[in-house]
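Below, chain A partners chain B and then partners chain C, in two separate complexes.
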Partner chain A sequence: MLLKYLFAKNENIPAGSAAVFFGFSSIIWFMIGTGLGSFNAAKLAFPDFVTGVEMFAFGHMRQVHVLAVIFGWISMAFAMAMMYITPVLGNTRLWSEKLGLWNCFMWNVALSLGLTLMWTGITSGREYSDFPWPLDLAVAAFITIPLAVNVWMTILKRRTQGIYTTNWFFAASTFMLIIVFLVGNLPEYFHLTGLTEAYMTWWFAHNVLGLWITPVAAAIAYYVIPKVTGNPLYSHRIGHLHFWSIVVFYSTPAAHHLMSAPLPEWLKSFASVEGVLILVPAIAFVSNILLTMQGKWNMFVENLEVRFTVVGVLLAIPLNMQGGFQQTRSINWYVHGTAWMVAHAHLALLGFSTFLEAAAVYLGLQTLMKRKLYSLTLGNLHFWLLLIGFSIYWISMTMAGLIQGAGKIYEVPYIDVVIAEHPYMIARWLGGTMVFSSTIIWLFNMWMTARAGTEVPVGRMPHELAYER
Partner chain B sequence: MRFREYKFGSRAFGAAFGLSMSITLLFPSFDLAASVSSEAGLEKQLSSGWDSGWQTKDFFMEGKNKPLKVLVKKDPKTGEALQQPVYAYVYPAGISLPNGVTHTANLGRGVEEMSVNEGRIKEARVENGAVFLIEKTDKLLTFEDKPLAYMVNATATKGWTPDDVLKQAADTDVFHVGAGKTMFVREGCWWCHTLLPEQTQDWQVFGAPPMLGDFNGESPTAFGSDRKGPDLLHVGSRNASREWMMLHFFNPRLVQPHSIMPRFDYLWGEKDADGKTIDYAKWRQEYDEYREGKLVSAPDVPMYAKDSEIRKLIDFIVNLK
Partner chain C sequence: MTWVFNEPLSSLSQAETVQRSKELWEAEDLGGITEDNNRLPVPVVALVLLTVATAFLTTFPLWGQRPTAAIYEDYIKAMDTPEIQSIIETQGDAAAMKRIVDMNKSSPMAAQLGRHPVDMDDLRVLKPQIEEIMKHPTVDLKDYTVVYPQVKIANFEGNFRPDGKRVRQQPWWDKGYTIDLFYLTMFFLGVTITVKRLPPYTWQPRHHENDRRKGERRHNP
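Take a look at the complex of A and B:
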């Protein structure tokens, strides 16, 4: 199917094809990424589980898990959301379905190749920008730039006068991603070394979260909640506040990731203050979406997409309360480098953002394929396995992190910390395995939706039809 | 339809984003560029070489294109015993030179001038190879009035060639620190072990946090962000036993029953130090029997071969002082 359309004329490709392929790709990468996560967690809980093979060593697989989830699941789900939502909000077609399909195809090829090489140990040795520089350039050329061009051109060719909030975020984030990606990898192209390299590594890691993952996930909520509930967005002004405070406050605290490195003290203090100001966009976003829900809270229970979105938005509250304050010197002193951070990272990517992306993929695939979700029961199972699995993971890692932090500041012999953390490592593995299982159910459900879902009549939205199973 | 109605918005966006880029990238770059390399920084970049991540000259990250750290006891030129043995950083012909030699500004003010004028590092050539030393001078003082270190190209100043230095050195005096750092990066040791004792604690157990000039020319720094094991920046000062390291890498639970570190036995390769094939299946079976109480002691860990990857990794770890 995909291969057939790659060489077809643009006007002969059915609208929404690129989004559908991105949607299914993202679910498959979610399955791969969480499968690797579950496997890695098993190795931390039971260190002699699959041993003595270089390819299955923890140090070879950890970064493959992280990048499969970020580039495969999250970013592809974003691409799906953009290819679906951007034209809809502009009352037009996607600028180029063909570019979108090539984008999806090359994305899968480049990511598979890159992750395979990384699995064998080929790495730049820089966290989150682990790909060596030729692969970085491939990511820019085949993934980020084509996606951005398609989004911008669709917005320019729109047939509405204004641009809706979601599309501001899409246009700005695709732009900022290109800049952040190219600039953040400068140390690799030009062999910058030492503290500059270390700082740029975290400059990239911070901004890829702050200017790509967080705003795009939020933009999805700005579309899904008004669209499905039928309520207009509570306040466009608060939307403005959210957008501008993301650009101004979220792009500056990169140095708070290296609070204990010998960076300039002014930079650390500045980053720390800006880091607390992350609460501005966070509060604007959460309050805007929750107030939009007024009068439609029944849909939180009844409708799957709304439930996923609102849970994602609610998880943004602990996420940003942690994020704003854990990077101040007094708290960072306690939790830096502990499992608390692992829990926080999963709260951001597996909690907050995954729930929002899942909502976009659920809604987008049903709308574009014009099929009602095959089974609400399986959808519910997916939701609860994901939520409970994530919660087990998050709570156990937070507790382990607090124990580790205490061990750190009281200078307890490290092995005693390892012993104390062991039960939480087992809990983490159980939670991660539940998340992995939920993705298999989801893939099956979406596949069956494509094959056997009830057709949605022309002019109707999927959420207007009753669930059948 | 154009962005007509968004003219102001897009300009404001450019200004805001540009300002944030200036504050977070441009301004810190002045401070970072002004850092003066410390002795630890010189040691790190001379022992690890050009780069320890992926590079075109080491496509599969096997530890190629790396210098050797050699303990020199006799003058390689005259054969006379040195009063005090010194460490030399040997770059055989064809091995890329470290960043501080190719871009001397990287060494920082003072150290750059001394290294270029007195140490003659600009005369080093990749085609011929070079031998470097770290020397101290009273002409440059730290803020505590201690002499500062600088790089010396011993090939130019003393006529020590890489071949001469390697010829007179016993194998036990040659340390594959640079190749070991590649192993450290490739095997992902830094996913669980930081190389960054924290400024606010860690002094008692993990030693002093690094200082500003300690990383000039090093790439990647592999600080790590998530501690699942102890910090390793000064591990060689706490435990310099190669025997302990050997047992621990082969199976960490031989020396620390509660460890969750993976086994790195595969870094031994196929043959041991005597050239005999290592029977991993037999070893694991005997180890399992030992754990079940059927054997009184754990099977012996094979002695690694001289050119094995584990030797390089242990060289790097023990060198972390």
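Take a look at the complex of A and C:
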């Protein structure tokens, strides 16, 4: 089907095709990414599990898991949301469905190639920007730039005078991602080393989270909650505070990842203050969305998309409280380099953002395919497995991190810390495997929705029919 | 786009601009989504201000900064005194360390010494390194940081001394904070200007005929 449309005329491609292909691609990558995560967690919990094969060594597989979920699941779900939501908010069609489909096709090709190379050990060796430089350029040329062009052109061709908050974030984030990606990989293009490499690597890593994942996930909430509840967004003004504080405060704290490195102290002080100020956009975002829910809190229980969204928004509170304070000199001294950070990263990517992306994919696929969700029961099962699995993971890794921190500070012998960590590693594997299982259920449910979902009548929204047979 | 400044906290836009914004706000349908014009709730404003204050207070260099070599100078000098040597021989390291700490209770460095305690083994590691630095009469020990087990030139970038070398000491007000103040000022100024160009928050749009939440204010009947 995808191949057929790749070579069709743009006007002959059904509206929403690119979003649908991005949606299913994202779920498949989520399944692959969490499957790899579950496998890696098993290796940490049971050190004798699959040994002797270099390809399956933890060092080969960890970064494949990380990039599969960031550039496969999360970013493709974002692309899906952009292909679907950007035109809707401008009362228009996507600028080019064909570009969107090629974007989706090349994205899958480039990511598969990049992850395969990484798996075999061909990597730049820099966390979060592990791809070798030719693939970095391929990612820019085939993934980030085409996506941005489609989003910007759709906004330019809109049939509304104003631009809704969600589209501010989409337009700005796609622009910022290109800059972050091209500039962040400079150490590789020009073989920069030492502190410059370390700083640029973390500038890249921090900004992929801060200028891509966080704002786009928030933009999804700005769409889903008013759209599904029917309430007006509580405040256009708070939207401004949120948008500009993300741009100003989230683009600058990269040095807080390197608080113990010999960077200039003024840079650390600067970055650390900015790191705490990340709470400003968080406060604006959470208050705006939760106040928009006024009078519709019953939907938090009754509606799957709202439940996913609100849980994601609520998880932004601990996420930003942790993120804001764990990077200050005194706390970072204790938790740096421990499983606390792994827990925090999963709170951001598997907690806050995944719940928001799942809401967008659920809502978008049902709306575009005009099919009611095949099974609400499976949808609920997906939600609870994901939430409980994530919670087990987050809590166990936070505790493990605190133990490691204590071990580090009090100079406990390393092997004693490893032994103390063991039960938490098993809990981590259990939680991660629950998340992986939930993703298989989700893929089945969405596939069956496409194949056998009840058709949604024109003028109705899928969620309005959720409890109708 | 004309600006007015007679009531800057209410609006920076002319009455006609505000009127056009109101009409557009109520007429426009952004894919079925509408927006209200509520102000930032007061508790949220308080939270934002608290965050700004907290950001500076929790990141102040005092919290988490490394010890300078200077704070151990008196400890190291005391190690060679007959009194301490005698305690080491008769009562052991722990008693000698306790005596050294007691001898420096009134030191101007007492607060920093309290935050960065050491034992006799630590001092034995640091002693030769610090003594090596002390041999140079023009060198200030405060320019050196203890990154245990090493003593290193600190990575602060202060003003230049007459001899061309940089001051390597933690200023009470780090220049990173000055840049932060600049960022914060520009941010709050920018956001304030942006939102004050909108219709005042005392006005709320009515999004459809039956929307009576804020009285009869519809601009597109």
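Simple rule for what comes next: the second predicted complex is superposed on the first by the 465 of 469 C-alpha atoms of A that agree within 3 Å, B and C clash if a C-alpha of one lies under 4 Å from a C-alpha of the other, contacts with A are read in each partner's own complex, and residues count from 1 in each chain.
One rule holds in what follows: a residue touches a chain if its C-beta (ideal position, glycine included) is under 8 Å from a C-beta of that chain, and two chains touch if they have at least 3 such contacts.
Please read these numbers as outputs of a predicted model, since none were measured by experiment.
In the superposition on chain A, A:195 makes contact with chain B only, not with chain C.
Of the two partner chains, chain B is the only one touched by A:44; chain C is not.
Using the contact criterion defined above for the overlaid structures, shared-chain residue A:337 touches chain B, although it does not reach chain C. Counted by residues of chain A touched, the larger count belongs to B, out of chain B and chain C. Residue contacts after overlaying the shared chain place A:419 against chain B, while chain C stays out of touching range. Using the contact criterion defined above for the overlaid structures, shared-chain residue A:370 touches neither chain B nor chain C, since it reaches no partner.
Using the contact criterion defined above for the overlaid structures, shared-chain residue A:161 touches chain B and also reaches chain C. With both structures placed on the common chain, the touch criterion links A:263 to chain B and to chain C. Applying the stated contact rule after C-alpha superposition, one finds that A:248 touches each of chain B and chain C.
In the overlay built on the shared chain, the residue A:226 is in contact with chain C alone; chain B does not reach it. Put simply, chain A uses residues 160-162, 244, 248, 252, 262-264, 267, 270-271, 329, 333 to touch chain B in one complex and chain C in the other. Of all the residues in chain A, the ones that touch chain C in their complex are 85, 88-91, 160-162, 164-165, 223, 226-227, 232-241, 244-245, 248-249, 252, 259, 262-277, 279-280, 283-284, 287, 291, 324-325, 328-333. Residues of chain B touching chain A in their complex: 1-3, 5-6, 12-13, 16-17, 20-21, 23-25, 27-29, 31-33, 35, 41, 45, 50-54, 59-61, 99, 106, 185-192, 194, 196-202, 204-205, 209-212, 214-230, 252-253, 256, 258-266, 280, 284. If you check the complex, the residues on chain C that touch chain A are 24-25, 28-41, 44, 47-48, 51-52, 54-56, 58-59, 61, 63-65, 154-157, 170, 174-177, 179-180, 183-184, 186-187, 190-191, 194-195, 198, 201, 205, 207.
Considering their complex, residues 43-44, 47-48, 51-54, 57-60, 62-63, 120-127, 132, 156-163, 172, 176, 179, 183, 187-188, 191-199, 201, 203, 244, 247-248, 251-252, 254-255, 257-258, 260-264, 267, 270-271, 329, 333, 336-339, 341-342, 404, 408-409, 411, 413-415, 418-419, 422, 425 of chain A touch chain B.
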